[in-house]
Each structure stands twice: as structure tokens, then as C-alpha cells.
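Below, chain A partners chain B and then partners chain C, in two separate complexes.
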Partner chain A sequence: MAFQYMLDACGNVLAPYNLLMLIMATAAGLVMGVLPGLSATMAIALLTGLTYNVGDHQTAIIALLGVYVGAISGGCQSAILLNIPGTPASAATAMDGFPLAKAGKGGLAIFIATTVSCLGTLLSVVFVLTLTPLLTRFALSFASWEFFLLSIFGILICGALTARGNALKGWISGAAGILVAQIGLDTVDTFERFSYGNVNVMSGIQLIPVMIGLFGFPEIVLAFKRESGGRVLELTRFNIREGFRIIRANLIGIARSALIGVGVGIIPGVGEDVGGWLSYWAMKASSREAASFGSGNPQGIVAAETGNNSCIGGAIIPVLSLAVPGSAPAAVLLAAFFMHNYRPGPLLMSESPEFVYNVAIYLVFASVAMWLLALGMARLTVRVLTVDKKILMPIIFLLCVIGAYLINYNLFDVKVMFVFGLVGLGMSYLKVPAAPFILGVVLGPMTDANLRRALRLSDGSFLPMFGRPICVAFLAVCLFMILSQIGLFSWWRRRRAGKGN
Partner chain B sequence: MKRILSAALAALLICSLSPAGDWPNKNINMTVPYGAGGTTDLTARSIANGMSKVLGITINVINTPGAGGSAGSLNVQNARVDGYTLLANGMLAFTTMPLNGYTEKTFREWDIWIATYAPNGIIVPKNSPYNTITDLVEAIRAKPGQITAGTAGKGSGGHFGAEVIKGVAGADYKHITYAGGGPAVQATLAGEVDFCPQLLAEYKDLVIAGEVKALACLAEDDIEVAPGKVIPSILKAYPEAKKYIPMGEVTGILVPKGLPNEVLAKLDAAFASAAKEKDFLDFAAVRSFVVIPKGRAESQAFLESFASRAAYILYDAGAVTIDPAKYGFKR
Partner chain C sequence: MDTKSRDSAFGVVLFGIGVFVTAESLRMIHVATLPPFQITDLIVTPGLLPCILGLFLAFFSLLLLIETVKGAGSPGKALAENLKTAWRGILAAFGDPDFRIMLAGVAWMFVYIFFILGEIPFWLGASGFLLILFVFLRFTGRGMGFPAVREIGTLALVTAGSVILIMALFQGVFKTTLP
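Let's look at the complex of A and B:
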């Protein structure tokens, strides 16, 4: 039966009109992913409205999944070439991708990133088809305490990873991000915080303008500060065999990153961005070359891009089984499914059992289409690096402004972008990493609302936190990370070594 | 020369200001103040399809989410009243917006066609000790302020439902707010809250699949969500709840008052026909919406009682500070 459904789905997607739609949607998703400021969530939301009148619902679903896969994968190109993540999901990719591009290996980096993106999506499809019920049960055991600790855990990891030896700077940056996220109406009591009566501030600081400002501004300014004239970066041709060799050497890492990505994807409220960071951390922690992470180790790209792309399948799992979205783009996708007369949720398997297989097969085709299109597009995007920076940088600046404006068609967001651009410039002079700040803005509402909700449920007691197994595991890892970063372990080891003498 | 030019310009202007008899001679925009795919959006699109068949033009549905739905509503309120800008919205928003001070205008300043009613339900986790609404109400009475209710926040549809339960029990519950209806339902699945009083449409399938237990609905009659699966009306156990019932979200089409009568008459006809379309009725049945098509006069009368009930529930709960009496709402 399952086989029959899959065959039907293949037939659907290979119909000429649907195939054309898949290619167009995936390409559109890639372009939106490459451009900073156009996120995957927005891409799917735009397409949801556009597909309402598409007669064949299958065509619409194919287009929506194509745009999702494209948008999450496209972000790596701008992250690698410009150090400005195209979407928040590819922030971790910039860590090693940009140093590689600076070393003239931008093409290789994009090839690896795109290939593992495709692999990540494919691996997550396997989970969609097999482990859906089991994984959903696990994700559902997450309640307020778990969400609170998960967000703290994510920021601690990101801070430690990006700070180049001084984790404290990363954590300060993350904490500042959480503080920025508190601005505006809070989600627990709809109480105004730090808005000073300004209506725009009341609706909160948007993530995308902050991200564009923090990442974009320093790159533009620093590019002009470096010696003038000539090309921005040198670009050398790369050997596809080398790309495949690196991927083959990291198959275990890819499997691990995919597992992490799927897991993060299933948990409601955390999505592709966290998936990228957690896989990156796991890869670094288990790598023999940990020291070279952050200065252009392809393993970093492999982990980050597998991690964020496998979140796609992960986030779709709870959509299908419970109608609870696992990430922000998946939430829009859920709405789109409803619009096309599908009712994802516990009744899906009895009402339209073919739908799960359709989604899985469409994802497979979308990721293959993405791979081909992205590599074709990379031939154009890598040439960006050969453009004179006197021409390139003003264009990027313009894109930054437009990207910030497009979120809500609101000039206030452009001002926010400028303010955080200056903040980002200051941070880059002080060598404070920007990525934890962004993650803080992403996870800040989750940290705050879940802590307060949990405390309200327990009448202000922290004790219930220690009675939950997942919480205890999170706490243990957080504690271990803090202790190792402040040098307690090396101090202890030195002392023992001293006694031995 | 100048005079001829200005005369020509004036003539052009007059021509472009088409008389009401021609309406509609171009496409109509219907603003939905929430994102695509949500409950309001789907209802709006379904009705827009039916109406455009009668009017012979296309009705474009435009999503303008933001500020909890007030952004889109205020846009339409401030737009030119020419019959080419319609609004689709829930009526609870028109109760909360004036009481929050976002606008001075209530539903009385609008011409309204009510389409659907989506009742609140009361659900509890699968393994909850409460099996009937009486169990839950007795538990609230026994432990005032300790039984937790998960809702989508202050002034949300779920908050209204929780306040009805409080009124019936005569004792308070503990209000736990989430970022939306989805997260509140998810918290119920995870067993984090004792009950969830959100709209039935938000978790109907979970009830049918047995993932959560539905104790009651806040409609006047029982609701059969699936063959043999009936959610009893709260009136069965507590007839005194009559003064709060029906509670839930009421959705319809609105235009600011001031349109010429012939335009309104055409809209009346288009709406009446759209509310009978099979596609619309099917959609409503799947989502467990009750179709209650009401014309303009009927809608106003319905809202006088519905909105004042909702307004005082909010005011008594301390969720808003502006006294509903300011807008002439009677208890």
C-alpha cells in the first residue's frame, strides 16, 4: 500500500506542469534564501496566498515544499560569500564558510554546503516515513521548563562556539540578545516593556532587521577599511572530487547532524537556526580537528547545513501527526495545508493516508531540484566576489535596507536595522561575536515566557525543574559547559599533575 | 487653452468617480487582518468566492496581519468608503478594540453580515482525573485559584471561555497564557495545564482521535463532532450558565457605514447567496463552525447582546480598564 502511494506521488511530481512548478518554486525559494531579509517563513507565507486559487492541490503542495527547501538551503551562499547569513538558519554556516571563501575556496564551500543540504533533507524524509509517532511522543513531553532550559542551552552553546576562546564574550552577547527580545508587548500578560509609549516599539523588535544590521554593517564597513582597489577576494577553481571526498570522510558527522536536526525540528518553537548551531557544536565537540573550527574547516559547514536542512523533515513530522508545527516556517506550511483542504493531525492517517507519502516524495524531489539549481546558481553567485567592492558593497547596503523594509513595509524596521548596524560595528571592534546575539533575539521570548509560565504553574518554586529527566540532562550539560569554559577542569587537572610531581 | 484643459480634466475626474449604480465595476479587496490559512482567512476566502460569483467580479483576499488583528481593521476603517474595501473579521475583536482604547468605533459604526459561529469547548488532557464538566467545576470550587487554564492570552477566545467556567463555578481558576491557540492546545496534550477552553475548531481532530477529552461546549446545543461522538452543551449540567451562552467566535464581513443603499442591497444579495454555497457549507461542517447567516439588521441585534456579554466578561476579569458602559453596553 505504502509503495503504491509513493508511486502515485512520483507520478504527480513528474507531470510536466507540476515539475515546472517545483523547479520554479525551488528557484524562487533559493533566491529568497540568498537575499538577506527574505526568510523561509516569509517565502512560504507569500506563496500560500498565491496558491489559493491553484486548482490542483497537489501542485500547490509541491510548490510550497519546493520553496521551503529552497529558502532554507539558499541562505548558505550569502553566509559563505559575504558573511551575511541569507536566513537566520545559516548563521552557523558563516562560521567556517566565510573563512574558506576568504581563502579562495568559496566555490568548494558552496558545493559542500549545497550537497549536504540535499543529504540532510533526504535523511530527514526517512524519519518522516518511519519514526513519526515515536518522535512526536518525545517532543510532546516538552513543557515550559524544558523549553526554558533548551533556550538557555542553545545560547550557551552558541556563545561558547563563536567567541574564539573567550566564551564569556559570547554569553554576554547572547544575554544582550535576550534583553532586546524583551522589548514590546510580552506574551504572558500582554504588558508593555521598554516601549516608552511608542507604537512601533510596542510591537517588538523584529529579528530580520537586527540580523541584517549586525551582520551586514560590519562587513560593509570593514570591506572599505581593508586596502583599497582590486578584487574583494580571489577565487580559485575547485575540484568536485575534493568536495565528494570531504563529504565521504564525514558521513558519520552527517548522520549525527541529521539526527540532531530532525530532533530539534520536531520540538515545537525551535527550528532551523537552532538545528544548525546544535549540529555544529556536536561536530566540533567530537572532531579531532576542533581547534581549526571557525577558521575554515569544511566539517563546520557539513554539520551546520545538514543540521538546518534536516530540521525541515523534523518540523513537518509534528505538523502531520498532531497539527502542531515544529518551526516557524512549518507553522505557515500547516496553515497552507489547511487551505488546500488537507487536515493534518491525528486523523490524517485514516482520512488521507496518501498525504504523508506525498509530502515525503515531494520533499525528495524538491531537495534534488534544489541541489541542481543551487549549484547552477552558485556559478553566478560566486562571481559576486569578483565584483569590485566599490560597486558590490553599496549594492549590498541597498539590499540590507530593502530587506529590512520588506518585513512589514515599515520604515521603523529600517531604523532598527541602522541602530543595530552601529551596535554590530561596535561589537566587531570589541571582538564580541554577533551570532549569539541573534540567537538571543530568536530565543528570548521563549526563555522569558516559559520561565515565567513555569514559575506561575509551580507557584514560584524552582523545584519542579529538578524532577523532570530532560531538564536534569539539560542542566547537567549547561553546568558542564560553564565549568569547562571558566577553566575549572584545566585548573583541576593542573593541580593533580602538580601533586603527581 | 488653460480653461479647456481644466474643463477636460474635470470631466475626466467626474467620469472616474463612477455613480453607485455601476458598482461594482472593478475588483473588490477583502482585508483579512490575520495571516493566510488561519480560521478567519479560510472563512473569508470561502465567502469571497461565493460573493464574487453573484457580483460578477473578483474579490481579492488581502492578508494584513499585525497588532493582534487591529492593524488590518483600522486600515479598512480609515479607507475610502466606496464599497471596494471589505473587511472579514471576528466580532470579539470589535469588542476588545474599543475597550483597549485602540479605536472609539464599535460594531455599531459598521454594516455587518455575520456568517459563522465557532463555539468554545472545554478540553482536558487524556489522562486527566476529570471526566465530566461537573468534575472540573467541583475541582475549581474545592481548590479555588489552583486549577490551571491554558489560553491564547488575555482577551483571546479562550480567555472568554475560561471566564464562563469561573462564572459557573463561582471560584477563580489560575490563568496560564500561551503565545497562541496552538501552543495552548499543545500544553494540554503535554498535560501542563488542567484544562483548555479554546475554540473547538482548534482541536476538533484531537478530540475525535481521543488525544484529549472534551467535557463540554459553550454552545446552546450539543455538538456532534463525529458519528457517535457528541460534546454536550454546558447547559445540560449547568442551566444557570444561560446568561453567558452562546460564547465563542463569531465571524463575518464588515464595511464602515456610509455606503449608498443600492450598493448595500447588492452586498446583501451576494452575501445571502454565498452563505448557501455548497463549498462554504462543506468547509464550515469540516471545521465544526455553525453557519448562522444574518443580514445587517439581524447582525446588529445579535451583536448588541453578544458584544455586551463579552465586554463585561473582559471588564469583570480586569483584562480591560475602559468601562463598557462608556460605549453603551448594557449588562
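Let's look at the complex of A and C:
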């Protein structure tokens, strides 16, 4: 049956219109990825609004996956030639990519980065196909308490890993996101919360306008500054033979980075940038040439790009099996799946099992299309970097307005986008991560509904939570995370060391 | 503005939000006990999670404030000093040309979204919005030198091309209605 589903998916994607959409979306993703400031999240959020009215849902899903793969992979070009990562995912790539480009090997660096990006996505597809059914089966044993604690666990870990040293800010961001999700009529009793009689607010705050505002708006406004970007280095020849030789010599590193990427991707809300950095560090730690990392070692590019791209598949696994996004772009993808009448979650494999195989096959085609387009269009996409951002960003803003409007054909959503744009601007100034906020908005309804359902079933008692093994595991991990982040363990170690002395 | 002052100001604002959310949740819990809902059980009331979140935000903001005054002799004085620095930083930001440019850009976006969008035909509003923003950014980008007429003509062409392309794509290809 699985083979049949995959054949059908191949048929879908090879239909001329869908193929054209895949190529267009992947190319658009590459361009968005190349441009610093336009993130993969923004690219998908924008395209979700734009493809909302495309007749065939499969076409929309193909386009969304294409733009996701394209945007994550495209970021490496600006990281290598400009030393400014196009997307946060490619930040680690710049460490060795830029020095390599400065040494006149920019083409080789881009060839390696693009090829391992493709390999990373392809390897992650294997995990999508194998882990999603397993995790879905496991998730069938989840009841209200488990789903409630899963959402809390997601917010805590996402907050801790994306806040760069201050987990508190990440948790504040996540709690604020859950709070935003409470606005409007509640799902259990249709009770009006924080809407003050406004009919538009009563229907709740839509995810896509919030996302476009949080991720797109700050970058647009920051581009208004007078300062201009750095100089773009020249794109030299790809040197394909040398590139393949380097990739062959690092196959174990590629496999390790893919594993790390998938693992990071599965963790709720933790994005491709973390996958790239962790893979980079793991490669550096195990390399015999560790000293040359940071000064143009191709191994650094191999690890970073494999790691961040394999996060794509990793992040999609919890989306499909638990309806919990593995990263910020995956959160938009989850919203898009719901908008196109798919219901990811524990029942997916019984309700529409073909969907998992469709997504896997579309990812394969998207990554191959990305590889061909990224190398074929490299000279063109690199030229995009020279386009004046003061011309480009106002046009992008207009697309953001349209993207927010098209979700419900409602001007209120555009205003929501603007308001959350200001919130995003403030958050970026205060160095508060936006990813936990988005995760909070996504998981908010699930948190509220499951907490109240569980309490209703247990007559208001929290005790049943402690009698369920999965809940106990979640509670233990959450507690450990909180205690370690507030420094209790290090305080205890210092105290013990003090006593010893 | 240094991180401590910034976080102090953020902590104070966040504490206010936390208190407001908690108070509002308590009001919700009271309203839920009245007809038609009549939910008297506190543990399943719709205000439960917002109340928890409000308390969490207030608690987190206190932790953040404690972090900003950690190590200071008198926490109250240190906090007051941080808030003063933050206020001075906000006032100083208005003297920064980049900040003023961004502020003007945001103000123009606000006017477009709240007063122009949906009130006049999309092509007209979008063209006006883009052209004015392009000219403004070109004007400020070169140290307040006004762009030449030829340059404004080029920007007008870019504007017209962008709007035509957007409308052709959405109305022609995607068959959607624009605001």
C-alpha cells in the first residue's frame, strides 16, 4: 500500500501544472533564502496566504514544501559570498564558507553546500517515512494530560534553546504566545475571552498574520536604515569533481549531521539554525583538522548545511504525527495543512495515510529541484543580492499585506499583522526569541482544551497526571530543564565544592 | 541602551501585563458563574489558563527584574537607575536619524493599512504607498538629498511595474480578490 501511495504522489508531482508550481515555488524559496532578512518562515507564511485559493490542495502542499526546501537551502549563497546568512539556518555555513570564498573558491563552497543540502533533505525523508508511523502509533496512547504536558514541554525546550543564554526570555515569549491563542471564543464553552465585544477578535487571532508580522515586519523596517550591506564576493567556477571528492570523503560526517539535524528538528519549535550549529560543532569535535575550522574548512560547510536541511524532515515528523511543529517554518506548514483540509496528528495514519507518503515524495522532488535550480540559477540568484533592499522591502511589505488579507479576505487580519509586526520589532530589539511565541500561538488552543478536558474528567484533580508514565517522563524533563536553566544545579555543585574545600 | 536597562523596562511593562491579564481572568471567572454559562467549578472555568498565564508572566517578569539588579547593593535604587537609563535611551533614540527614518516608515505603513487600504481601489492605494515610500527612502538614504526628477521617474516605473505584476499574479493567475 505504501508503495502505491508513493507512486500516486509521484504522479501528482509530475503533473505539468504541479511540476511548474514546484519549480516556481522552489525558485522563489531560493531567492527568499538568498536575501538576508527574508526567512524561510516568512516565505512559507507568505505563500500559505497566496496559495490559499489554489484549487487543488496537493498543488498548494507541493508549492509550500518547495518554498521551504528552497528557502532553507538558499541561505547558504549569501552566507558564503557575503558573510551574511540569508536565513538564520545558514549562520554556521558562513564560518567556513566565507573564508573559502575569499580564497577564490566561492563556487566550490556553493556547490558543496547545495549538494549536501539536497543530501540532508533526502536523508531526512527516510526518517519521515520510518519515524512518522511509529510516532503516530505512540501518540495514540496520548490522552488529554499527555497533550497538555507535551505543549508545555515544547514551549520550555523551545524557549531554552532559542533564547541564546537567557531561557527566561524564551519562556516569557512562549507564555505570551499561549496567551494570544486564548483571545476569542474558547473552544470548550465558547466563552468570550479578551475580545471586549469585538466580532473580529471573537473569532480569534489567526496564526498566519501573526507569523508574517513577527518574522517579516521587523526585517522590512530594519532595512529602512541608511547603512548598506557588505560587498558580494565573486562566484567562481563550481569545480564539481573536487566538490564530489570532498563530499565522498565526509560521508560519515554527513550521516552524523543528518542524524543531529533530524533529532533537533523533532524537538518542538527548535529550528534549522540550531541543527546547523550543533552539526558544525559535532563535526569540529570529531575532525582531525579542528584547528582549521573557521578559516575555510569545507567540512564545516558539509556539516552545517547537512544539519540544517535535515531539520526540514525532522521538523515535519512531529507535525504529521503529533500536530506539534518542530520548527517555526514547520509551524506555518502545520497551519497550512489544516487550511488545506488535512488533520495532522495521531489519527493521520488512519484517516489519510497517503498524506505522509505524499509529503515525503514532495520533499524528495523539492530537494532535487532545489539542487538543480540552485546550481543552474546561482549566477542569477547571487545577482539578487545586489538589488537595493530599499526597493525590495516595500514590495515585500505589499505582499505581506496581501498574504495576511487572503487568509479570510478580511482587512482585520492585515491590521493584526501590523500590530504583531510592531510586537516583533520590539521583541527583536529586546532580544526575545520569536519562535517560542509562534509555538505558543500554535499550541495554545491544544494546551487550554486538553487541560480543561483532563480536569473535567478527573473532577478537578491533578493527581491522575502523576499516575501516567508518559506524563511523569514529561514532568521530570520539564522540571529538570527549569532547575538547570535557573542555575540550581550549578549552585548546588558550587556549594558542594565549597563544603569539600 | 545597555541590556540591563532594556530588560528592566521590559520587566516592568511585562509585570503590568501579567497583573492586567490576571485581573481580567478573575473577572472572566466571575462572569462564567453567571447565566448563561453558570460554570461555578473554578478548576474548569474558561479563565483558568489565562489566569495561570497572567501569574506566570508576572512571576517571570519579577525573575527578569531580579536578574537585572543582581549584585547591586540596593536593588530598589539599581532598578530606579536602570529605568532612568532606559527612559534616557528612548529619548536619545529620537535623535538617531536611522530611528527617525524607521519611525516615519512605520507611520506611513500604519496610514496605509488603517486609512487607505480598502477605502480606495487597490492599484491606486498600492501605487501611492510604494512611490511615496520609495522616494522617502531614496531621499533619506542619501543624507536628505532630494532625488532628481529622472530618478523619481524611474521609481514611478518600478512602482507601476510592481503593482501591475502583483495584480496580474493574484487577480489573473490565482483568481483572488485584492483588498
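Keep in mind that, in the parts below, the second predicted complex is superposed on the first by the 273 of 501 C-alpha atoms of A that agree within 3 Å, B and C clash if a C-alpha of one lies under 4 Å from a C-alpha of the other, contacts with A are read in each partner's own complex, and residues count from 1 in each chain.
One rule holds for everything that comes next: contacts are C-beta pairs under 8 Å (C-beta built on N, C-alpha and C of every residue); 3 or more make two chains touch, one makes a residue touch a chain.
Model, not experiment: these values are computed from the prediction.
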item	value
Chain B versus chain C as contact partner of A:322, first or second or both or neither	first
Chain B versus chain C as contact partner of A:189, first or second or both or neither	both
Touched partner set for A:476, first chain B, second chain C, both or neither	neither
Chain touching more of chain A, residue-wise (chain B, chain C)	C
Chain B versus chain C as contact partner of A:134, first or second or both or neither	neither
First (chain B), second (chain C), both or neither touched by A:240	neither
Partner chain in contact with A:45 - chain B first, chain C second, else both or neither	first
Which of chain B and chain C A:394 touches, first, second, both or neither	second
First (chain B), second (chain C), both or neither touched by A:456	both
Contacts on chain A seen with chain B and repeated with chain C across the two complexes	188-189, 456
Chain C residues touching chain A - in the complex, by the definition given at the top	3, 6-7, 10, 14, 21, 24, 28, 32, 37, 39, 41-44, 46-50, 53-54, 56-57, 60-61, 63-64, 67, 97-98, 101-102, 105-106, 109-110, 112-114, 117-118, 126, 129-130, 133-134, 137-138, 140-141, 143, 158, 162, 166, 170, 174-179
Residue numbers on chain A that touch chain C, as the complex places them	50-51, 53-54, 168-169, 171-172, 175-176, 178-179, 182, 186, 188-189, 191, 193-194, 221-222, 224-227, 390-391, 394-395, 397-399, 401-402, 405-406, 409, 411, 414-415, 418, 422, 425, 429-432, 447-448, 451-452, 455-456, 460, 486
Chain B-touching residues of chain A, taken from the complex the two chains share	45, 48-49, 52, 140-144, 187-190, 203, 268-269, 322-325, 331-332, 334-339, 343, 345-347, 408, 445, 449, 453, 456-457
Chain A-facing residues of chain B, complex	35-38, 41-42, 45, 61, 63, 66-67, 148, 153-155, 174, 176-179, 182-183, 185-187, 189-193, 205-206, 208-209, 211, 286
